[in-house]
Amino acid sequence: MQALLDALVTGLAQGAMIALVALGYSMVYGVLKLINFAHSEVFMMGAFAGFYLLNALGGADHPVLAAVCGTLGAMALAAALGVLVERIAYRPLRERSRGRASGNVRVTPLVTALGVSVLLKNVAQLAFTARYKSYPQLFGHTRLLIFVVTLVTMGLLQLLVHRTWTGKAMRALSANVEAARLMGVRTGRIIAFTFAVGSGLAALGSVLYCLDQSQAYPTMGEVIGTRAFVAAVLGGIGSIPGAVLGGGLIGILGELAKLTQYSGGQDVLVFFVLIVVLLVKPAGLLGKTGSEKV
Amino acid sequence: MTPGPRVSPAARRLLLAAGVFGPAVLLEVGLDRFVADSSVRQLVMTAAINVMIAASLNVINGMAGQFSIGHAGFVGLGAYAAAIVASHLHLALGGGDPTFAHSLVVVPAAVAAGAAVASLAGVLVGLPSLRLKGDYLAIVTLGFAEMFRLVLTSVPLDAKSGVAGAIAKLGGQIGYSGASGQGVPLYAGPLWVFGAASLIVVATWRIKFSGWGRALRALREDEIAASAVGVDPTRYKVTSFVIAAFGAGVAGALSAIMRDGIGIVQPDQFDFRLSFDAITMVILGGSGSITGAVVGALFVTFTVKLIELAQGLDAVRLFQSEHAWLDLNALRMVLYASVLIALMIRRPEGLFGEREPLFARKPRGAAPAGAA
Amino acid sequence: MRTAHPTRPEPQVADGAPLLALRDVQVAYGGIHALKGVSLEVGKGEIVAMIGANGAGKTTTLKSIARLLPLAAGSITFAGQDLGRLDTESVVTAGISLVPEGRAIFPNLTVRENLEIGAYGHRDRRAMGETIDDVVQLFPRLGERMKQEGGTLSGGEQQMLAIGRALMARPSLLLLDEPSLGIAPRLVQDIFAAVGRIAESGTTILLVEQNTRLALAASSRAYVLRTGEIAKHGPSAELARDPEIRAAYLGG
């Protein structure tokens, strides 16, 4: 029983962190209808940025300063990376395909996204080597911290999306790019902003994750990124509450799987959930079954 | 009408068959004799297997305009199925050294098993995801391939009963080396490997220039318009997906039992890297172009080999001992990814686009301008 | 209907000079030469209609004015400003709003939010509040549905919302693309009555409409497009009597 409760608490903390990453997938998919495969690698890069910043800021000697400034710094760097990826890899494709439809228009951005993901992962491999980097231990109650930070962030994000001009523009853009431009919305800027926010949240998630799990390594994006992605689809890609719900479910599910003898099967389960969701309710738990144009 | 020398269709087919499969027969007899170095033979056969992987992926990613990023999963399923069937048949036939006579039984059975399992998985994966719009196929194929790998690696090896026990027999992370643990019997000689590669290339060629290929192209360009003229999108997409899975299964099967192979199948041979390599092969040459897929496959095979060779050089070893960060494989992936991104931005149609540069043949049935 | 823009001064045009002028505009996309040299003028305060069959290039003309399509040749000037060098977003800020064909409201936003985003170009709270009041006066049905999501409205209501949304920017020139398409006849009357009132308040209107009878009745002048070219133009009342037009578009 105690084990079950522990699993639930750990699962919720994990889920909160996963939700932060899932939001990035969801937001970018919302505005571009593109699965940003590179997002998981931005998450990983955020972990490394946090690692170096936290240590440079004194690490365990000044835990609060290191945590606050280090995390914000990592978020800023990740946001910059996200915007850079959008600028270099995705924007040229959008400008090229504008106003014309040709055969593989749809496949091209996916290939590019995949390419950016592989590129970042292997650059990290070269730059940081495959060895695990141990995070400084700053706090005792990391779980609680993860929880609070995630909830506050979600609240702020909800405000951003529903109460600000930028948020309204993001939602308009996700429904109809051309119509949004006709309202005077600078879609390019909104898209860049979306990448920045999503990437910043991923870095927040990764620093929290590493504070809890204590390690950063180049392939961490694959593992956590995939879980986050599944969380986004499960909750309904494009929906913020959906990402939170999906993250929570995936986190708890993963911890419960660890209680069984197939502890390594956590990710098998995650994918299984994904496929079942797509079969039964492809729009996700909180997503809307909109009539998407072909 | 196609201009050219007048040869009866039957004779032309015969000539074509001889041209395509003759080399395979010659290689079966001659490869061992003329190429003494087994690593070179292995390289050449691996190239043929990669051609199969690329040509089959090209059906779904190139011709059908869908995007699968889990091709490695189908290759892996084919490999495991073939390895199991081949090693059991091998024992049933009395063991010993693989003989050519026995290969006539073992290889077809193993390849059929691999292809069947992969095709079945193709139906299971394709049916739900191809019905949906958007990029679901990409997600699901990725999920499927990872699941396949994770199921194999994460099963506790001491499991004795049930499904877990059966999977545990496949050796987990360490890999499967035959029913006896002595290695997977390597039956498939050049005849089989090159024969199958030729068959798959010819088959995808026929698909491309048939009414089927035209329907796929129409679907890719405009799904609504195509379904308005009676092309059922789901049927075409699922079928082409299954064809792609079938080809991947054949490729995987032959890679597991290929002569001069390594005699063991491991989950990590079929990780995301293989899927990405396969995508690179298809995109580099030009999605939709079979010539492109072949050229892409050869290119990737040989760059991988080059890196392997480079890692063996003393100078490189010395350099690496001083610069631990220099992971040549990571460097290769960085290069591939950069090339791919640049290509997508500058020339998304790849090297050849959809053309078949060495075989300037117009798609059959293309209405001449002004015919209406 | 209050029309003064909170920041942008009313566009000034010399006497007799048009507010909007297209000179030999050509547009090509997807291998189709959609506009083969369209020249037209719209004076300040006018309602001008463009009529013609499907595929004649009416929507293309509007889209090229809104800079949603690249120009192959020709020029578009608005109050003396060359639009050719602007992007869509800047055209909106310059004072031109397009109500696109098929309405293109944001189904995931509430009716109020749809209207609010229309004011994105100036983001002036006061002007926004005033225009929302004006729009509700113009289309009382929208007032009852402020909190509903746009996607839940009927076709006619969506058209009203799309027009209202465009008005939120306080445009000097309103481009209307097929406002009657697929809408119940009773609501079409309401919508055209509203268009008349918008014009009375001083907003210039360029109207594309397949329903030729409606279009000619609502406008003072009209252009007839045929396969990417202007086939005819003149006062709407004259065109309505033109035997050729009657035969081709008014069913005799």
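Every chain is named by a letter (A, B and C) in the order it is written, and numbering of its residues begins at 1.
Please note the rule applied: a contact is a pair of C-beta atoms (placed from the backbone, for glycine too) under 8 Å apart; a residue touches a chain by one contact, two chains touch by 3 or more.
Note that the structure is predicted; figures quoted are calculated from it, not measured.
Of all chains, the one whose CA centroid is most distant from that of chain A is C. The central chain here, found by comparing per-chain C-alpha centres with the mean of all protein C-alpha atoms, is A. Chain C has its Cα centroid 41 Å from the Cα centroid of chain A.
Centre to centre, using the average C-alpha position, chain A and chain B are separated by 32 Å. In this assembly, the C-alpha centroid of chain B lies 54 Å from the C-alpha centroid of chain C.
Residues of chain A in contact with two or more other chains: 101.
Considering their complex, residues 99-101, 165, 168-169, 171-172, 174-176, 178-187, 288, 290 of chain A touch chain C.
Interface residues of chain A, counted against chain B in their complex, comprise 33-35, 88-89, 92-93, 96, 101-104, 106-112, 114-116, 118-119, 121-123, 125-127, 129-130, 222, 226, 229-230, 233, 261-265, 267-268, 271-272, 274-275, 278-279, 282, 292, 294. Across the complex, chain A is touched by residues 29-30, 66, 68-70, 88-89, 92-93, 97-98, 100, 104-109, 113, 116-118, 120-121, 123, 165-166, 169 of chain C. Those residues of chain B whose C-beta lies close enough to touch chain A in the complex are 61, 65-67, 69, 128-129, 132-136, 138-140, 142-144, 146-147, 150-151, 153-156, 164, 217, 220-224, 272, 276, 279, 283, 287-288, 324-327, 330-331, 333-334, 336-338, 340-341, 344-345, 348-349, 354.
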